[in-house]
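The structure that follows is given in the form of structure tokens.
Each chain gets a letter, A, B, C, D and E, in the order it is written, and its residues are counted from 1.
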Amino acid sequence: MFYATLEGLRRFKIPHNFEFVSIISLYAKWIREGRLKVDPSWNKEGLKFTCQDPCKLVRQGIGDLVADDLRFVIKRVVGEENFIECWPNRSNNFCCGGGGGALQAGFVENRRKYGKVKFEQLSQTGADVVITPCHNCHTQILDICDYYGGKWKTTHLWNWIEKALVLEK
Amino acid sequence: MSNPKGSVLVVGGGISGVQAALDLADSGFYVHLVEKSPAIGGAMSQLDKTFPTNDCSACILSPKLVEAGRHLNINLLTLSEVLDLEGEPGSFKVRVRQNPRYVDPEKCIACGTCAQKCPKKVPNEFDFGLGTRKAIYLRYPQAVPLKYSIDERACIYLKKPGRCGFCKKVCPTGAINFDDRPKEFTLEVGSVILALGFRPFDPKDLEFTGYGRLKNVVTSMEFERLLSPSGPCMGHMERPSDKKEPKRIAWLQCVGSRDINKACHGYCSSVCCMYAIKQAVIAREHSKSGDIEASIFFMDMRTHGKGFEAYYNRAEKEGIRFLRARVHTVLKGRDENLIVRYVEDDGIPKEKEFDLVVLSIGLETDPSVISLSKRLGIELDADNFIKTSSFSPVSTNRDGIFVCGAFSEPKDIPQSVMEASAAASCAQERLWPSRWTETKKKSFPPERDVYAEPPRIGVFVCSCGINIAGVIDVKEVTEYAKTLPGVVFAQNNLFTCSQDTINQMAQTIKEKGLNRVVVASCTPRTHEPLFQETLREAGINKFLFEMANIRDQDSWVHQDDPEAATQKAKDLVRMAVSKVRGDEPLPYNFVPVKKRALVIGAGVAGMVASLSLADQGFPVTLIERKDRLGGHGRKFYRTWQGNPMQDYLKGLIETVTSHENIDVRFKTTLKAVSGSVGQFKSELSDGSLVEHGVAIVAIGAESFKPREGKWNFLYGKNPNVHTLLELDQRFIKKDPGLLGLNQAVFIHCVGSRVPERPYCSRVCCTHAIDQALKLKELNPDMDIFMLYRDIRTYGKREHIYEEARAKGIVFIRYDLDNLPKVREKDGRMIVEVRDPIIDEEVILHPDLLILASAVRPRDDVGELSKLFKCAMTEEGFLLEAHMKLRPVDFATDGVFLAGLCHYPKPVEETIAQAKAAASRAAIVLSRDEVPAESITAAVNPMKCTGCALCTQVCPYHAVNIDENTGKAVVDTALCKGCGACVAGCRSDAITLKNLGNEQIMAAVEAALEE
Amino acid sequence: MEEKREESWQPKIIAFLCNWCSYAGADLAGVSRYQYPPSIRIVRVPCSGRVSPNMILDALRSGADGVLVSGCHPGDCHYISGNFYARRRFALFKRFLEFIGIEPDRVNFTWISASEGEQFAQVAREVTERVKRLGPARKLVKEIEPCPQ
Amino acid sequence: MKKVIDLNALRARVKAQIEKAVPNANINYCLTCGLCSSGCPATGIEGMDPRKFLRYLVLGQDEKILETNWIYSCTMCQRCKYACPMGIDVGRIVYEIRGMRPRDKRPKNLQRSCDLQKQSNSTGIPNEDFVWVVNDVLEEVRENEPKWKELKAPIDKKGAIFYLNQNAKEPTVEPEEMVPLWKILHAAGIDWTYSSKWWDGANYCLFTGDPEDWEYTVRKQAEVVNELGCRYYINTE
Amino acid sequence: MSTINEKITTEIRKVAKELLEKDEVAAFLGYTEGTVPMVMKPFVARRPEDVEKLFWNSFCVLNLANYLPLVLQSLEPPRRPNDPLPEGPLPRVGVLATGCWSRNMVVQIKENQIERERVIIVGISSRGMVDRKKVQAQVDHLEITEVIEEDHKLIVKGPGFTKEINRWDVVRDNCKSCVHPDPVIYDEVIGDFSGGRQVPKRFGDIQEIEDMDIEERWKWFQEEISSCIRCYACRNACPLCYCPTCFVDDSRPQWVGKSIDKTDTALFHILRAFHCAGRCTDCGACESACPMGIRMRLFTKKLYKDCMELYGFEPGLRIDEPLPLTTFKLEDPQDYILQQGQKGEEK
């Protein structure tokens, strides 16, 4: 949980001689540096993608910067024209309802009622795939997709990066 | 400062800058008016309509702008800015830079050919980028000065000389001058008035509003442009995405105000609630289909001004929905529609789809103005407004430099106009010794004697944008006018009241040798003086003029029957022409001014007004019905900014009683008044007679005592129930009983905003909260509950509301259907009220119950208004000449008003209005004679039988029987032209010049011609 | 004459409005966009006290189907007492006209203040309705009989 | 039945506690404008919404605050704080209230996750199993994916530049989901390592509202990374 | 035994002779016999011996107040309209005055047409004057050569007939409904006053017309004025009409056409009547003077009735009371004003 560690280090003033970063920022950095080569041409039939801005990473974490990195990576991986933006998004995005221990707290019926807004927002984009760069979002969106009969697939980002990877010989 | 400069610099050409300039120029001071943009008018010129009168903003503003534009003693410096300033009060040196207009104002006739030819289109900042304009442009159609100017950032030629330059080729008068360079010069002035206005808040950073991301989210100023006939879509509203007319519109209040999180503006911009209601009302009227559904999402509905509450009630009655809910994010609906999720008191989340969302953005200070203030050493407060104190509302920290308008605090137009006059008054209090030293005298061309000429009538038919032309076929009316006997010239104009059409009219009168003029446009009540002035400048007597009101009394009221409206317009023009044919040139009468002012009522308003006039060397008679000075001011403890009231009052009373120019009369009331402006004769209750040129009514008001009825709340029955003023008395006396309290309850709106008194008393929310803070200061851990309907701590007052909440004071909202219930049980008070958020009854046990009771007009205000012939509103407050632009004048010339008798207001606004009344009065007193009525009665001795009926019906004793001839004689100095004598006279011996029986019958018969 | 009575006929009504109150009220009706029938032809007079019976007779003679005289509410008159004298003059004149056979609804008197825009539109609609019910004025209209060929 | 609140003396103890713990909570500043409720997906759940929650707090209805399960519907996502005109952080207040819940009254599963987290990881699988699964999956990939013969998933590699944490779900339930990230890191030529101890990135001790537990788990992770000497601690997806 | 009239005639001559001889007055205004029976001419006696021509009978129908300003002016030295008034006491005029004539003099005084000090009023209580048209009607309009008047009957003689008529049957309508026969201001008195009269249904004739519906009234009005030949005898007989240019003669603006067109005539009568509102004392001079027998008094009497009902005012009774159209009261009735619902206080 990005925010848990980030805020934990800060709030409890835990001595550490490392920099705490998100994998999303690194994906973007490596693609920009050319260390990580990706090619969207695999997406011939134009699979439509959208993404979820995890609250703990974006709004409570490092904000719009990482949201922009996320989009940069997705667009380079699936092709710019195949990415559909949600609204609201980035730091103002709706919470999916999975975080904050909701998945574990066991109030399933409340959790799903909570997720209805997110479900409508995602289905309104008509995307085929929803990328959830956070485990809690992934579980929750998977659940509300199936509970409310959504049409999209819920995946992490790395699956698609893997698909778009270009390995030099 | 022995002999101060007789001139003043006004910085900022908005409505308050222009008003200050006009007041000063009319009182004998030369004014330099510096305006950053190419034309004056400021934000008000961007408005379509203004609340609460729904006047079309341009219509009430342009006469003032044209007057300022043509005023001999106002030096209009457009495209100019102040660089720096030094010197001391009475003699400031100000360095000013005038940026290049690239168009020679002398030559430019604003024909617009250059703009047609100019290829470069850029977003029009006047329309907030909604529409476009050319590189060479007019800021708005009725701009003053009506001269084109080139935007150097856009002009192709200026960026790369040699390219384009079409405008120069086509300009008929060769006015284009690409070599125009900025000019810098120094002005020597006695005083400076800062009227730099405000900048609308830019919501692009509030990303959740969707502004800049969702097309159909616009700001209120952009919506005002969509509504305005001179806006990008000619007044027929189109929504940005698909140019269709929006059916369902939502207004989101407090965008950029009362927000210390993202917008970092903790203050309330005090005008957004009212302009949102106005926009909703006007939108419903502008819509072709007429079935607009308007919803306003708000926290507190702040309609605290005069006539505002009635406006709000009427809007609600007409079906505008008011939803007490603030919105987190504007969501995207189908095809560019917008979804608003909101939660009302019931806590149930609801969604509603809208075609358009308008953000009611607040007001803030422009960064360029902030840097200017730093350069001039003017202190700003945390909100970047000028720091003013309660007792000197228009002064800044630098002596001799004053402020008015939205630059000191967000405020509405009447308040800005009052402060403008107040600032003018402060300037005059120092510079009065050098009055009329730097001003020029107005001279008119010699008047052509038209007596012998046959009538040569010119008819000018106005389109008034779409206001008239939208319904009436103005072309057909103009053609028809040409067929009328005596009419030698007829023309249709887009805006007859605009500067260039006025000049064009003067030109036409000279060229065509016209000796009668008819203007078919709007109401003569506002525009007749403007056109008459033009006749004088064209060299013919200004009374050879008639108007046909084809807008307010024709196109606006017969919108659904254009043919009948056009036919009626023809009738009205025919009537005006047949009436003007009989008009004769009339003399310009003048009446000597008695240099003394009578001020009625010695409360704060009366004393401040008297002091302001006395400091300018004008003797004042101040009469007070009680045996001591102070009035309402004695009753309260401190201003909301914490300044103790009684110390200020003591100082003020001492200065007034010891001032040699002020003759204070105690226990004296006004018995009778005769005469008119410049020559009033007032009979006082002590039998004495006072001759005075002007009068200021400042008779204050009373606080409502809820003795019985549903607003009683045990008042008068339980010793611990007070009104606000009674609690203030205990504060003043430092009553020990106020210590050791553990719970207090305030109830707001006691007797205000109810059917019997359908107005908001404006001062009680702020006063109650300030008292709660004082109680909390005395008993830090006591509980305080404020039971309110809408908290109306407008402007900077919002800070003490925030401070009160921060200190743990709990605010519980009630409404007329769930009034708090107060009862007593074994000696202790019990207050029950429903908390609407959690929908549960809350029981309170206060030791102290304070009722924020209404401020109501005095019962005897009726008699006084009869003496001065001033009107009253339904609620009993005195009615000023024009609620928006003449807030301290009465319709009767030479009589002004200030203080609570106008409308309830806090001390700082009372002081501003008192000084404003003094400034308006100084315009009369600073002159030796004022124009008197020219349209007076005249007797034909041959027909007069001496029956003296006229003398008995004349209200002004202006006509009497000459002892030796036995015939009636009229004193034109006193005659007001009411015509009572003419209607009474059986032998048609007395007539009213230009309004005689013959002319009225000509008009009547013309109306009925087939 | 009969066919004029049907719905589309618009009566011609001369309205003498006092400049300070009723004319301002009519303007306010305009500003507030209260619609009323286009039958009213407004003549601006300084005060209701300026309107004399011969002006009303002149209007009726010239073919007005109705006459409306409107002034300030008693006590509001800008000229202090204009409307008081007018009130007596019109009281006697209206009764006398009815006595000699002029329909009461032909000549109407009302008080409209500067802030009563809605009332003005209401009066305009009401007077037009009343006059419409009476049909075109015939009694005091001066018609020059065509000289018999 | 209309409940009645008798405020003879307003004792908002819970609010006082929170204000001590969170100085700029600004709870009193609330204008009851309803913006938070309109933006919060949890509005209407358990008959509660952020505005009502704050209102009960201000009016001292402490027992209602302490026992409502709404605090487990609110995910502390701070969307309310994002647009609230007074910047009130209802999420942080919910965190404080969760902390006030006695351990046995907290949702069992959530508390268990935190306790497990404190031992090793949130699913409770032994660290050895984690190491075994990683290497097992790695072997499998190297065999049947020729291109990825040299793929590596180093564990406890001292001096690596990047330390990568791993969510407990993959090794316990769907190990093959770990492979794509390995491939990406490999393709980018990144010098990284897992840790065999305290490798789980999740931190349910934040969600129980228990500051000590939360601090314990974060401190443990920091020690591991310091010990490994990595310069960056990557938080996985 | 002489009749009442003869007694009054001798009395008038005595008073007039005295006044003229003592030079109290320079002229005495009374009546003398006309050239045809039942018509008396106003007569100015300037020398004591002229008094012999003064007569009094039941046919003194013209209102002497009408001629008073003229006689007064004839005694003043000639001056142009704008010249100042001559100084010093001006010669005075003696005049007979019954109830209505004296009230007209009060109105004239209030309208500065005559000065009270220049007039010596000889008050006579009127027994009601006879309407000669009623007498002619009694004798089927045969030519009348002589009328001998006794106290309560008239002996009417003509070629081939003599008829006795009861005097009260032929008294004028206005005299029959008169409640103020006694003069209200006077300096001398002839005969004794009757002390006022009670008249049941004083405005009966007006009530009758008011009870008709609107169209009947219009028909009555048109018939009444249909015979008017616009000779203006009524205007010339009325003491209230002293305008130099009457509105009918005005051409800028031309209020009323000159022809006998029914509308012009209607407008003339309406406006003439209205000009008498609150001033006319119902002396009947106009009706007596009208050659066509138009009962125009019904118009002025309606206004008289309204003045009494609305403002409780009867013209010419008190010299200090202002005329109704030159004053007002705050609570004057205004039920005829179109009142839209006042924005009343709803509790």
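Everything that follows uses one rule, which is that a residue touches a chain if its C-beta (ideal position, glycine included) is under 8 Å from a C-beta of that chain, and two chains touch if they have at least 3 such contacts.
All figures in this text were calculated on a predicted structure; none of them were measured in a lab.
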Which chains lie in contact with each of chain C and chain E?
B
Relative to chain C, largest Cα-centroid distance belongs to chain D
Central chain of the complex, centres being mean CA coordinates:
B
Name the two chains that are joined by the greatest number of C-beta pairs in contact.
A-D
Looking at Cα centroids only, farthest away from chain A lies chain E
Can you check how far apart chain A and chain E are, centre to centre, with Cα atoms defining each centre and the answer in Å?
110
Chain B to chain C, mean C-alpha position gap in Å, rounds to 34
Take the average of all CA coordinates in chain C, do the same for chain D, and state the distance between these two points in whole angstrom.
81
In angstrom, rounded to a whole number, how far apart do the mean CA points of chain B and chain D lie?
57
Return the residues of chain A touching two or more other chains; collapse runs of consecutive numbers into ranges.
91-92
Note the residues in chain B that touch 2 or more other chains, in rising order.
208, 329, 874, 953, 984, 997, 1001
Residues of chain E engaged with two or more neighbouring chains:
247, 253, 325
Which of the chains touch, listed as pairs?
A-B, A-D, B-C, B-D, B-E, C-E
In the complex with chain B, residue positions of chain D that touch it
2-10, 26, 28-40, 43-44, 47, 49, 51-52, 55-56, 58-59, 61, 79-87
Mind pulling up the chain C residues that touch chain B in the complex?
10, 12, 14, 19-21, 23-24, 26-38, 40-47, 49-52, 54-55, 58-59, 62-64, 75-82, 85-86, 89, 113-115, 121
Can you list the chain C residues touching chain E in their complex?
53-54, 57-58, 61, 74-75, 81, 84-85, 87-104, 108-111, 116, 119, 122-123, 126-127, 139-143
Within their complex, chain A touches chain B through residues 87-88, 90-92, 124
List the residues on chain B that touch chain C in their complex, please.
53-56, 285, 523-525, 549, 551-554, 556-561, 564-565, 567-568, 571-572, 575, 862, 866, 869, 871, 873-874, 879, 891-892, 935, 953, 955-956, 976-980, 982-984, 992, 995, 997, 1000-1001, 1003-1005, 1007-1008
